[in-house]
Amino acid sequence: MKLFEFLGYYNYWVFAILLMIGFYAVIAKANLIKKLIGLSIFQSAVFLMYISMDKVEGGTAPIIKPGVVDQLYSNPLPQVLILTAIVVGVSTLALGLAIVVRIKERYGTIEENEILDAD
Amino acid sequence: MTIVFAIFLLTMLVITAVAIVQSSNLFVSVMLTSIFSLLMSTNFFVLDAADVALTEAAVGAGITTVIFLSALALTATQEKPNRSGRGIALIVVGLTASLIIYATFDKPRLGDPDAPVHQHVAPYYLDNTMEQMGFPNVVTAVLSSYRGYDTLGEVFVVFAACIGVLFILDARTGTGPKYVTRKMTGLRHHLIPQVVGRILVPFIVLFGLYVQFHGEYGPGGGFQAGAIIATAFILYSLLEGEQAALRAVPRSAQLGLVICGALMFGMVGVLCMIMGGEFLDYSVLMENPVTARQIGIIVIEAGVGMAVCGAMLSIFHAFAARSAEDTDEAV
Amino acid sequence: MIEWLLIVVDIVSWILLIIGSICVLIGGIGVLRMPDFYSRIHAASLTDTMATLALFSGMILQAGFSLAAAKLFAIMLFLLLTGPTATYALANSALLSGHKPKAAVLEKKVE
Amino acid sequence: MIFAGVSCAILVTMVLAIARAIKGPTVYDRLLAVNMFGTKTALLLAVIAFLFGRADFLDLALAYALINLVGVLAVLEFFQNRIDANGDASGD
Amino acid sequence: MDFAQHLPALQVIVPLLAAPLIVLLQPRGFAWAATTATAFFSFAVSIAIAVRILAGDILRYEMGGWFAPIGIELRVDAFSAIVLLIISGAAAISLIAARNSINQQIEDHRQPLFFAAWLLAIAGLVGMVVTADAFNIFVFMEISSLAGYILIAGGPDRRTLPAVFKYLIIGTIGATFYLIGVGMIYMMTGTLNLEDMAQRVVGIEDQRPILVAAAFVFIGLALKAALFPLHVWLPNAYTHAPHMVTVFLAACGTKVAVYVLLRFQFSIFQSFGEHLLQFALFLMPLALLGIIVASLVAMFEGHLKRMLAFSSVAQIGYILMGASLMSDSGITASTLHMFNHALTKGALFLAVAKFATQYADLRIDSLKSAARSMPLTSFAFVIAGLSLIGVPGTAGFISKWQLIMAIMETGNMGFIMVAIVVISSLIAVGYIWRVIETLYAIPTDDLPDDAADVSVKPEKIDMLLIALIFTVAMNIYFGLVPGLPLTLAELSSKILLKVEF
């Protein structure tokens, strides 16, 4: 039935919208911290895409229940990949913020157009 | 039922993202980012990803918000409006959006069991974890043993971020590393949060250790535990002030934690090589392969937990120390 | 005898859960409708604590005597501990930084 | 069944909280919304854990119950620094 | 534990695990010594691997003891062997020469962290080349790019910071695009192992997610490899980085992204009939445009380092043009050019580092009559410049010649491309000659003689100069006897085109 069909793809459409919001923020905004926030939204959208891959209708989280035999489980592999990707995202964010702090100290501003004029 | 959750949570996610990008006050954006990560974590939980939800909770609510705020404290909080780059941005963004929307048509529907993803590699993990690893949490098994090499790379990404932040923020030309700690002693006249904080911090650390060693049987593991314990110490330093926190966990101890965490992970792998197996092949550590794998995974997760905790703490203290003497212009 | 007790427990927990969700809704509406920050903080924090109490006790009754009930109790304990603290810290910091409650502003106009 | 109703109530409250977070004139309103949102997430996670019948996933709600305070206190502390630094008393 | 069986794993693990140890070594010179020792060890391992590959077998290594699609598998063949040689060779040479130049630019208490980041960069790059798992490439890509940001952020003047920030943003977007591409392929095939993926893709290439995944992987890796329109981050990053870091990154930084790009396009998307034609028709104009525009910009560039950075962008255009011919000799030419360009550009940037020890300002017109006080360095710069142009007898000539032969084979529209290659070589002659002219210019009388001599100390024979001479000698040696790289290049083109040899 149509609605259920549409909902099946709602996750991927929200992934596309979030990706665009993040990508727009990274490109269009001049403030360096706003760019980093946009970058983290951009990466969160990718995590959403991976995790919405692993859901199985009627399945539960892939921690095997001791007693139950015919229990359907969701796919563990995208979750492992995203566990790694989340920590990669935080690491890049921390490094980016350290660079922004140093730029503020040396240039006095964190607006990209003012930095370009300064040199 | 998941459909109702999906609609509510995902629409809220989009609204928050738009609000984050629109608001010109950076403080507001950071606060909305913490709501964004809360929503992401709930989304992950609804989509059956318990471990990922716990990681997003521990990392998103605790560490990302605090690092953003400490960076904001050192830079400006008001974004200057800038109309220049909008045209190209919209074109590029529109192009990528059309590419992705074009791709979504042939994708399998959310949750349909015969999607190719569930046919090939995943069933092996689900069937064999119980008898090869002896514990039910398949995600921890895949994370630390089947794809342990990824996690090793991951620990070294955290290690790289930690030495990167220390390297970039320590650029004091001439003078040695003088860590003038913050003159402010935490939330000065907030007695009640301090008292509650003193009660809460040990419980958060206890919960962190529970998550660390309970990783095989329920959602948990090294990353989550490291992040939670780091959040506990960050809360302690927020309430008691920088000096007390640095007395509790001095800077050298934080770096030591990161280094021996990373080395512990590496050395277990090398030990497996010496004892005849491949790198990170725990089954050679002892005669019974299942217990050998469990021992290997516990040591690995401990290494990961120490590395992540040490890294997040040293990053936080690098930012916090920075604000104390950002007055003198580092030349 | 036992299943009569079970039914009562079920009913009580259902009632508690319904009370809890009503409180939650009231809190949400209150936060939006209230005119000033300090009245909003009342709406949010009071219903928040009440909802935690009602919902979690309802769930503990549902969970019966098990590990889940212990976990639920722990969560309730920490939520009751941290919720009011955060609200206090928020209100205190707002007041200290000179955020005048609306009523005070009105009085000045009056005299 | 009842859990579905409770979770819907919590979801609606979350939407209201986000409305306040976006609309809120002063920073404190937004902070109030963030705090409220945090506790509601903890409630929602506990209810969902029950709704899906996986009661051993309550650790997540416990994590949120503990960590939610850190975000709010961090914002308060850095906002206070901001005020002491340049003394503006305005909320926003 | 026999040594030879663990070679691929050792290649990655030794630099990776040495990094935390280096951070512990606070005493001044020791961090540099330990890092150089590790770099030479990894160079020795890659030579051993190359020897095994030349003997004809492909090294496989199952990480954690799990077989291929379940666990992560390392797979080293001729194509990865030659890139391994480039990375560890460039690392060894740039580190052995780095002592004084780094002491000059980085404070002492930060040096252990800096050298640990250098080792992580080596481990990240090597990890990307050695592994045969799509997501593992992303993880090691992150390690190498994070370490790269740290290395470049070591640069002394303040313009380094915006350059590094732009590189971080663009690098992360590139890596995330790659992640989206891998995610979509995984969604349709269910596996992450490259070989397994190649087999499972055969039946479903016409499906939309796979085509979009190919596009995303291409864009992401083109961003990382600084292909022409997406190269905006490279000139600033290489110009403001510490001199020795530029030597290392110029020689192997972008090459690894090109390696992964070719590996994906040829091994996984090979089976698409018309896709590869699209890939070629899409890539060739970009590469040609890149060669011309980058060479022209280099022509009018004042700063010596920035000029060489733009010429790097042009050279990457050469490499990808060779690959876009999709013929056996085309890929041989592009792989060979990766090797030769690493040698040439390494030598040029070593000469720049040596000039920097005497001249603070590296603008070309401020290096007036530098040859009088630094004869050896200038002479080495001339030879390296000739190799960049492709004068017979140098390594550059071999790869240019191979490229032109490959183009001739394609027959019909070959003339335009040969013309472009020749024109860009002429432009290269242009900007190299401009530098040589100022180096050997006779000091004009308005510049008082003694002023020139007093400020400029005579050239000091140190490790930097020895490394420079050695690299230039290698340039000439591989120009005359291109045995090793040529055979490896031919082997790798057969592997990429899946020709059973």
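Just so it is clear, A, B, C, D and E label the chains in written order, and each chain counts residues from 1 on its own.
In this section, contacts are C-beta pairs under 8 Å (C-beta built on N, C-alpha and C of every residue); 3 or more make two chains touch, one makes a residue touch a chain.
Everything numeric in this text was worked out from a predicted model, so none of it was measured.
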Those chains which touch chain C and also touch chain A: B, D
Centroid-based (C-alpha) most distant chain relative to chain D: E
Two chains sharing the most C-beta contacts: A-B
Chain centre separation in whole Å, for chain E relative to chain B (CA means): 32
Inter-centroid spacing, chain E versus chain D (mean Cα positions, whole Å): 48
Centre-of-Cα separation between chain D and chain A, whole angstrom: 20
Distance from the mean Cα position of chain C to that of chain B, given in whole angstrom: 30
Chain C, residues touching no fewer than two other chains: 78, 82, 85, 89, 93, 96
Multi-partner residues of chain E (each touching 2 or more other chains): 135, 139, 142, 146, 149-150, 153, 180, 186-187, 192
Where chain D touches two or more other chains at once, by residue number: 14-15, 31, 33, 54, 56-57, 59, 62, 66, 68-69, 73, 76, 79-80
Chains that touch, pairwise: A-B, A-D, A-E, B-C, B-D, B-E, C-D
In the complex, chain A residues that touch chain B: 4-5, 7-25, 27-31, 33-34, 37-38, 40-41, 44, 47-48, 51-57, 59-66, 72-84, 86-88, 90-95, 97-102, 104-106, 109-111, 113
Partner chain D, residues of chain A touching it in the complex: 60-61, 63
For the chain B and chain E complex, residues of the former touching the latter: 99-100, 102-103, 105-108, 115-122, 124-125, 145-150, 152-154, 156-157, 159-161, 163-164, 166-168, 170-174, 176-177, 255, 258-259, 262-263, 266-267, 269-270, 273-284
In the complex with chain D, residue positions of chain B that touch it: 1, 4-5, 8-9, 12, 15-16, 19, 25, 27-28, 30-32, 34-35, 38-39, 41-42, 45-46, 50, 53-54, 57-58, 61-62, 65-66, 69-70, 72-73, 77, 184, 186-187, 190, 193, 196-197, 200, 203-204, 207, 210-211, 214, 218-220, 224, 228, 231, 234-235, 238-239, 323
Chain E - residues contacting chain B, complex: 1, 6, 9, 13, 16-17, 19-21, 23-24, 61-66, 69-72, 107, 109-110, 113-114, 116-117, 120, 123, 127, 131, 135-136, 139-140, 142-143, 146-147, 149-150, 153-154, 180, 184, 186-192, 200, 207-209, 211-213, 215-216
